Structure formats: structure tokens, C-alpha cells
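I've put the structures underneath this note.
Common to both upcoming complexes is subunit A, partnered first by subunit B, then by subunit C.
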Partner chain A sequence: MTEKLLSLANLDPWLARLRERGSVYAPGTDQAGEVALREWPQPEPLVLDYKNFREPPKAFFLPRNQTLLYFRDGKTVELNSAVPETFLFGIRPCDARALALLDRVFLDGDQNDPYYARLREKTTVIALACAQAMPSCFCASVGSGPGDGSGADLLAVALESGLLFRAGSGKGEGLLAEAADLLAEATPAAKREAAERIQGVTAQLTPVPTADSALRLRGSYDSPLWGTAGQKCLGCGTCSFLCPTCHCFDITDEPDRRVRTWDCCAYPQFTLHASGHNPRPTPKERWRQRLMHKFRYAVENFGVPFCAGCGRCIRNCPVSMDLRTVLKELGA
Partner chain B sequence: MAESRQLEAQLRETAEKLLREKNVSLFVGYEKASLPFRTTPLLLTKTEEAPRLVWNPFCNANLSVYLPRLFLAPADARAAKAAPAPPRVGVVLKGCDSRAVAVLLQEKQVRRENLVLVGIHCPGIVDRRKAEKALGEHQALGAGEDGGGNIRVVVEDGTESTLRREDVLADACLECRSPAPALHDILLGAPGEAARTGTARPGTARTRTAEFESRPLEARWAGFQEVIARCIRCNACRQACPLCYCKTCIFEQNRPRWIGPGTDPSDLALYHLIRAFHLAGRCTECGACERACPMGIDVRLLARKLSAEVEDLYGYRPGESVEATPVLSSFALDDPQDFVTEP
Partner chain C sequence: MGRNPYLPYPARIAETVIENESRDIKTFRLAFEDPGSAAEFRHLPGQFAELSLPGAGEAPFGIASAPTEGDGLLFSIKRAGVFTAELHSLEPGAPIGVRGPLGRPFPWERMPGKNLLIVGGGFAFTTLRALIKQLLHPAQRAHYGSILVIYGARTPGELMYRSELAEWQKRGDISVHLTVDKADGGWQQHVGVVPAVLEKLKPGADGALAIVCGPPIMLKFTLPALASLGFSEDAVILSLEMRMKCGIGKCGRCNIGGKYVCKDGPVFTRRELASLPAEY
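Coming up: the complex of A and B.
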């Protein structure tokens, strides 16, 4: 695992070099005054100490409106395959972690999803360790953390004088090798500073007891808590649309093409059968599904909860539902 | 306000009494949420839980959104036989929320005899996004109200700061013309709250609409496109709206599917146009849609215009009175006809 130092003065030249190979996206302030991943360069300066983006970067890998194939001349279908080289610089570790989780779904053996695979392959992910945790963050409770590099090709830690890079994949190693002339050796002092910064942010997190969630949720299928949650949930789907690990989709046909769009288990139609029967007839069953999928079925199938602890579902729920509260109550 | 503490105590007493005397079996209010600048709805059935109720400037959801689903007619005769009697429900209402209940009554979505409406004179509520933006780099760990009605915040390093009420009030509240719940069975608080805090700017909605309208056609279309471009079609605006209660929304019908479920630009535009039209003459301007939107979209851009049109043409403001004939159900010979054109 190679570690290198990039001085802040060399950040722009390095991004400019990546820019020669493809599109570069980096954190900047958008028109609405929010820090978001924006195509680089922009007139506004980069922002490295932002909390986290409003949206996770999942649309880069699972576009909201993705053409899968075209219908031509009534019969012939052709794959839509042009995928540009893309670099995402500065996504937070939880969001990178979420990509590692999505890989388990879309890249695992016989379940390989060619559309996801292509976008993932053509996109280089450079994560940036957090500068500050929010009260809604709980990454460390779900096996991730503010310095987690899983899912990223490179993890960067912002230091006083520059960025410490840690390669997380062959692609990441390659990037460091190519940029050798811009990089310096990582000094022990720099490594220590990085570790301290990550520790500092980790200390700001409030732990959520979810590690044994699979076992705990097994006995709670009939808990009255689902009814309480379902009664309050508006069934909007915001939690899932903004979740970096939620990945359910719908496929619809337009006159000339087949399109994949996001879908969500909070919607009644999600499980509606052609017969009219709906196995998840009320918000109660739907809410249970979302939590069970993340904290029980995923643990059983993949060994990890399908949650990166980013807290977006908590921050953005119009009625302020908090899955941490429900997990705690289920465990009590 | 200094009084929100007192109001909170009165509210708890009221709910406790209603439940204890079996006037209601369910009471819908707000309780503390896990994050600052928010509350979360509380659906109470037990008297001993009444102390969980809160009343503060973060009581943002329009709770009338929960009512229609409590009175849904069973699917068929067999289900109807087995179905329990519809509950008697107590619900906390701000001015705008009470107007939504009035529309729900007009549209026969709720039963008046099953409702105990607990109105509260509303001093306006905080838009958490404005508050978060006002804090800049800092982040709130806790928030409350000070004696002057401003918002006191404790940030990450333990220091306190104060946000001026008028800087963080929701747009709908700044624009609100009737913060007093017109429709109620029990009324808490004193009138003129908003006026007293000097935050009422009832003309602003029209000013905003007029500004938009003054742009040339292409600029208006571009402006609309720009506003909706960030929409992710998450449906929070629709689900937070008490008047979007259709059992199957047009966006969900799939035999045939009228509109694609994704963010294709034409689907996005249709989503917003259709919602604006379906709420014309009905929208009570509570702003729940806007505050629910995770993307910070000006969801009411078109609705503001339509409300002004309905008021100017028909002198009608939805939800002001249950007895008034809804504008879409009425016809008068002297209604304006000049929009009718020859084909």
C-alpha cells in the first residue's frame, strides 16, 4: 500500500493532468450555495473541509435515467455503450464505502451488471477523509469510518500542508506512479498527522449498536415498532433515493428505448403484483423491508450491513425518522 | 416565543384530557427529533405519553397529511365488515394546517365528527435549511428558542449563537396571511403572534411571482427548467402534501403509464406541471412540499402563481372556510370567460 504526499500547490496541476484523460469532478460550491461534486475546473475554489454532499455520488454509477438499449427499425436492439473516463475527487469515505457495498450486488460473479461494471471501471474514485463529523454520522458503527478507504482507488487525507494519498487499488497505485514528479514521500510526521485527524473525527461520532443487527433483527419481524414507524413514514422514498447504498431499480420501455430508473421499497407499487395482490400492503411492511434489507438480509448474504452510516436518510426525512432510534429500540 | 413553553404545557394537558376522557383514541402532535431544528410527528394513544408532546418553532410537518389515510374506505364489502370503526382523532394544527383540513373536509376525505382539531396560533416555523446555512461552517448540536423568539443554537465547540427569527423562518411563514387556525375545536395561544414578531410579509409571494413573470418567455421557461433540474423525483413534495391523497397518483398509473418514473427532462417538467395543476384552487400554501424537498427546490414556483390567479379571478382562498364552494366545483354566469379561445 503506497503512501505519498501532494502539496496543496500541486493539487491543481495534478487535477489538470487527470483532466487531460477524462472528466474530473471535485467538491465546489454550486448555484444553490451547497458544496457538491462539480465538474472541474470551476471559477470557484475547491472546498476540502465540507461536511458531506447533499447527494451521494451513486448517480455516477447508477444513473437516474439510464438507457439500456434502443429499439431500431421495429426489431434491432443495440447497446448503448459509450462511457467516458471519469475521475471523482473528494467524495467522503462513507460514500466510497457504499460503492464497495454496491459492488457486492452488481459485480458479484454471475450477477455481473454490465452497465454498472462499465461505469465503475471507467471511473476512478479518490476519497477524502472527513474534516468533521455531523450529528447524523455513524459510519464507524457499520464497519466504515472517516478514514475508510474501501471502495476508493485512492484515499486522501487533508493535512495542514497538503494531501496524504493512500492507494487502495491497482488503479490507485497507477495514479500515484504516473504523478511521481508531483508527489513526495509520505513522512512519518505526515502519517502521524493523518492518523490523528482521522482519530479526531472518529471521536466526534456517536456510536450506534448495530454490529449484531442481523441476530437482533431476526427475532423482531413481528415487533410492534414496525407499525409505529410505518404509521409515521410518508412513503416518499427520499431516504432511499439519497442513500448511497440503496440500489433498487425499475425498467420501463419508451417508444424507442428501454430505460432503467431508480425505484424504492417505500412505494406501494414496488411489490404490487399483476393480480392486484400486494405482499407489502402498508407502510409498516415497507419500512420493515428497508431496515431488514440493510441490517439483516445484507448481513446474512454479504456479511456486512448495507449502510455506510452517512446519515442522509436521517437528515433528509421530511418527518425526521431516524433509523438509529428504531435500531436501538429493537435492541432494547 | 416565551409562551411556547406555556403553550406546550397546555397542549400536553389538552391531549392528555382528550385521551383520558376517551374523546379521541389517537392524538397526532410533534415530539423532539434526534437532530436540531426538527421535530418528528408523534401518534399518541396513551395518556401517559402526553408529556412527549412538544410545541416549538420546529414543528414543521403539516400533520393533516396523516388524516386521509385513517379514513380510507375498505377495498370491498367483505373488508368493510371486518374493518374497525374509524378512529376519533385529535390533531395539532397551525393556521395553514387547519386550512388543509378544511379542504379535506370539503373534498370528503375526513370525517368532521371524528376529528378534534387543536389549533395553535402560529408564530411561524423555522426552515432548517435556512438555519443550517446561516450557521455556515458550524454545525448545531442543539437548538431552542430564546425569550425574544430568536433561535438559540449550541454549536460543535460548545459555544452558543443566536439566529434572528426572521432570517430563518420558512418562506411560507413569512408570506402567511392567516397564521391563526380558522377551523378548530380548541384554540391555544394568543392571536397576532406573527405580527408581534414583526416577521409577517404577506406581499412577498406576489412580489416573487411578479419578478418571475416580468422575465421574457424564454427566460421564464429556462428559469423553470433550472428550478426543476435538480429534482430527483423522490416524491417527498407529493407525500408531504396533505392534499395529494389520491389512492393511485397519475405518476404511478402504469396501464398505461402516462409519465416515465425517472428524471428525463420532459418527465420532470410534467411532474411539476401536473402537481401544480392538480393543486390549483386547492393549495393552502403551507409550504410542506418545499420544506420536504431534499434538494432545496422552489417547489411552489408554479403554485404561487396559480394561487394568485385563483384569488384574483374568483376571490377564493382555499381552506378559509369549509362552507365556501370550492372554486373548481362552482360555476357562475359572470365567471371570467376570456381565457376560452376558439379552436
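Coming up: the complex of A and C.
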């Protein structure tokens, strides 16, 4: 694993070099004054000390609306336009980890999803270790952390004087090799500073008991707590749409094309049969499904929870539902 | 990268047959447009496919024909929603897409040497027809013990595949018991629900497998009846239906616990289902 240093002065020249190869997205302030992943360059400067974006970057890999097939002259055909090379600089480690989790579903080797595969292949992910945690963050409780490089091609850690890069894939190693003239060797002091910064953010996190969730949830399928949670849930789907690992989708037809769109297990139509039968008829079953999927079924299938601990579902729920509370109560 | 799993094979509706008196179940015989597709599409009874009508969408249906019946596929489909209404309006010659075969078939490898009890109710009988056709194929039949079929519908006119059922009833190598909830004038066979017929016939469980497809209410009473006849949870094989979209374990719609009905099923043993939440 190669580690290199990039001085802050060399950051823009490096991004400019990436820009010659494709689109570059980097953290900047949008019209609403929020830090978001924006096409670079922008008149406003880059922001490196933001907490996290409101939206995860999953739409780069699973667009909200994506044409799968076209209907032309009575035939159903693929019309794949070339996928442009894209560089995402500065997504947080939780969101990069979420991509490693999505890979388990869409690149499972059994039946790969060609649309996801193309976008994933053409997109280089450069994660940026967190500078500070939010009260809703719990990445360290789901096997991730503020310095987790899984899912990223490169992990960057912002230091006082520059960025420490750590390659996480062959693609990342290649980026460092190409930029050799802009990079310096990572000194022991820089590595120490990076480790201390990550430890400092980790110390700000409040632990949530998730490690044995699969076991606890197995015994709590009939718990009355699901009913309580389901009564509060509006079924709005905000948690799913802002979740970096939620990936359920619908496929519907327009007159000239077949389209994949984001869908959500909180909606009653999600599982409704044509006969009228619904295996998950009320918010209780649907809320249970969402939590069980993430913390029990995914653990059974993949050995890891399908949650990156980003906390977006907690920050954005209109009725202040908090899955950490439910997990704690179920464990009690 | 292999074939795009979302891209249907082009086919045409070769023939349609109305199966029941209510005229809401039709059997569609589909023929692939090119021989290459037919060669690639290799299914086994119990599997399903997504049928595609451009502009109307896709929906999953069990394959009602056996591979031993040659190229082309049969689907028996009840008119229930928007997609199936569109499908029922089509005439022979109309183009249609087929995506599959999908899912896990009936456990073929467990059947040789076994007595087979096949229990079906309503229009869920489709994949059981595929199974029976495969079992009765001259090159296959000798591999299995006795075959006992119990098939029920609301009325005699709602039984599907009536001429085939009559042919099977004339054969000596399969025993077919038909039952209806409500008889009409000419009906000479069983009257009563499927589990009642099962309890009356009392098929032995030793060296036997039970393959069961039917509506939830039939399963609710048939499964305990099988258990009291001595069928173990491993010896009872079921096929489930769920709302589906992708059919390949990605879209997250048809899961029951950690299993996806589309790729881990639709065929499960009762033991496998017992370890899953009852969300089906």
C-alpha cells in the first residue's frame, strides 16, 4: 500500500490534471450554502473541513432514473452511450464504504449488474478522512471509521500542510504513480499526524451496540417494539433515499424506454401483489424489514451490516426516528 | 461481460388458449424469434421468467412447460392487473420479450427413486404441469416411483389443462385426483378442499417427496395434513410467489428474511421456510 504526500499548493494542479481525463467532482458550497459534491472547478474554493454532504454519492453509481433499455422499431435494445471517466474527490469514508457494500449486491460475481459495473469502473473514488464527527455519526460501530479506506481507490487524510494519500486499489496506485512529480514521500511525522487526526475523530463517536445485532434481531422478530416504531414512522422514505447503502429499485416502462428508479421498502406498494395480498401490510412490518435487512439479513448474507453509520437517516427523519435507539431497546 | 441480464430474448405469441370458464386464465405459447435464444434458454420445471411488453412493463410468471416439450414456452396467466390485462388483449403473432430462466427449479436431483406426491390448487398449478410433463416423459418416467397428483379448483370449469388431466387419468403410471369446492351437474370426482382429499387418500410418506403449489389458504391446511401423514420438513417442497422486478437478486423486493425468492427460490423446502420470517 503506497502512501504519498500532496502539498495543499499542489491540490488544484493535481485536480486539474484529473480534469483533463474526465469530470471531477469535489466538495464545494452550493447555492443553498451547503457543502455538496460539485463539478470542479467552481469559482468558490474547495472545502475540506465539512462534516458530510446531505446526499450520499450513490447517485453516481445508481442514478435516480436510469434508462436500462430502449424500444426501437418494435425491438428492445441496449443503446449504451459511452460512460465518461469521473473522479469523485473528497467523499467521506462512510460513503466510500457504502460503495464496497453495494458492490456485494451489484458485483456479486453470480450475476453482475452491467449498468452499475460500468459506472463503478469508470469512476475513481478518492475518499477524505473526517475532520470531525457529528452526534449522529456511528461509523465505528458498524466496522467502519473516520479513516476507513474500503470502497475508495485512494484515501486522503487532511494534515496541517497537505494531504496524505493512501492507495486502496490498483486504480489508486496508478493515480499516485501518474502524479509522482506532484507528490512527496510520506514522512513518519505525516503518518503519525494522520493517525492522530483519525483517532481524534474516532474518540468523538458514541458507540452503538451493533456487533451482535444479527443475533439479537433473530430473537426479536415478534417484539412489540416494531409496532411502536411503525406507529411513529410516516413511511416517507427519506431514510432510504438518503441512505448510502439502500439500493432497492423499481423498473417501469415509458412509451420508448425501460427505466430503473430508486424505490423504498417503506412504501406499501413495494411488496403488494396483483392479487391484493401484501406480505408486509403495515408500517410495522416495513420498518422491521428495513432494520432487519441492514442489521440481520445482510450480516447473515455478507458478514457485515448494510449500514455505514453515516447518520443521515437520523439527521433527516421528519419524526426523529433513530435506529440506534431501536437497536439499543431491542438489545435490552 | 456476458449477456445483459435485463435484456429480454425476443419472442412471439404463437398461440393462446383460454383455460377456464371465467375466461380470465389464458395459456400463451411463446416461440423465440431466433434459434440462438431458444438454445440459450435452458430451463427446468419450477423456474420462472419475466415476460416483457415494451411500454407496459415486465412481470414474473412460472414456466408451465417442460423442457422435454421442445423449443418454445408455455405460460398460464390469470388476468389480475395492468400488465396481465395488456397481455390478455394480445393476439397470436404479437411480439413479447422473455427474460430468464430465473430462480431455483424443483430439486430434480432428489426425485429419482422417490414416490412423488404433487399437490396443487387454483392457477398455481402451472409449474406443477411442467413438472408432471417432465416426469411422464418416456425417457424419464422409469426413474421415479409412484406419482400421485391432487389438484383442486373452485369449480370444475376452473381446472386448467382439462384435456391433459383427462389423458393423465387414463394412464396407468400416474394417479390424478381432481377436486372442486363446488360441483356442477356432471361432476363425478372429489368434492371438497385439497387437504380433505389428502387426508382421505393418506399417501405414505416413506421414500416420498411432496411438491406443493397453491394459494395461502390451501397451504395453511395442507402443510399440517402432510406433517400428520409423516412427511418431514425436508420432504415437503413449496414454490412461493412474490412481487418481483429484477428477478436476479438486486432490486430488494422479493426477499423473505435473508433469502430472495427470485434467486434463492421460488422453490424452497418447508424446512428452509421454517427458518425464515413468515413474510410471504
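Just so we're on the same page, the second predicted complex is superposed on the first by the 329 of 332 C-alpha atoms of A that agree within 3 Å, B and C clash if a C-alpha of one lies under 4 Å from a C-alpha of the other, contacts with A are read in each partner's own complex, and residues count from 1 in each chain.
Rule of thumb we're sticking to: contacts are C-beta pairs under 8 Å (C-beta built on N, C-alpha and C of every residue); 3 or more make two chains touch, one makes a residue touch a chain.
Computed from a predicted structure; not experimentally measured.
In this overlay on subunit A, subunit B fits alongside subunit C without clashing. Contacts of A:111 after superposition: subunit C is touched, whereas subunit B is not reached. Chain centres taken from Cα atoms put the angle at subunit A, between subunit B and subunit C, at 90 degrees to the nearest 10.
In the overlay built on the shared chain, the residue A:221 is in contact with subunit C alone; subunit B does not reach it. In the overlay built on the shared chain, the residue A:234 is in contact with subunit B alone; subunit C does not reach it. In the overlay built on the shared chain, the residue A:316 is in contact with subunit B alone; subunit C does not reach it. With both structures placed on the common chain, the touch criterion links A:252 to subunit B and to subunit C. Contacts of A:300 after superposition: subunit C is touched, whereas subunit B is not reached. By the touch criterion stated above, A:81 is placed in contact with neither subunit B nor subunit C. Of all Cα pairs linking subunit B with subunit C in the superposition, the shortest spans 5 Å.
In the three-chain superposition model, subunit A touches both subunit B and subunit C at residues 250, 252, 254, 263. Residue ranges on subunit A touching subunit B, taken from their complex, read 32-34, 49, 51, 54-55, 64-65, 132, 134-136, 204, 228, 231-232, 234-238, 241-242, 250, 252, 254, 259, 261-263, 267-269, 314-316, 318-322, 324-325. Per the touch definition, subunit A reaches subunit C in the complex via residues 68-69, 71, 74-76, 78, 105-106, 108, 110-115, 117, 221, 247-256, 258, 263, 265, 270-275, 277, 279-280, 285, 289, 292-293, 296-298, 300-301.
Against subunit A, in their complex, subunit B makes its touches with residues 33-36, 38-41, 43, 61, 65-66, 133, 137, 139-141, 156, 230, 232-236, 238-240, 252, 254, 257, 260-264, 288, 291-292, 294-296. Those residues of subunit C that touch subunit A in the complex are listed here as 1, 4-8, 10, 52, 54-59, 80-81, 83-84, 95, 97, 216, 241-243, 245-246, 248-258, 263, 277, 279-280.
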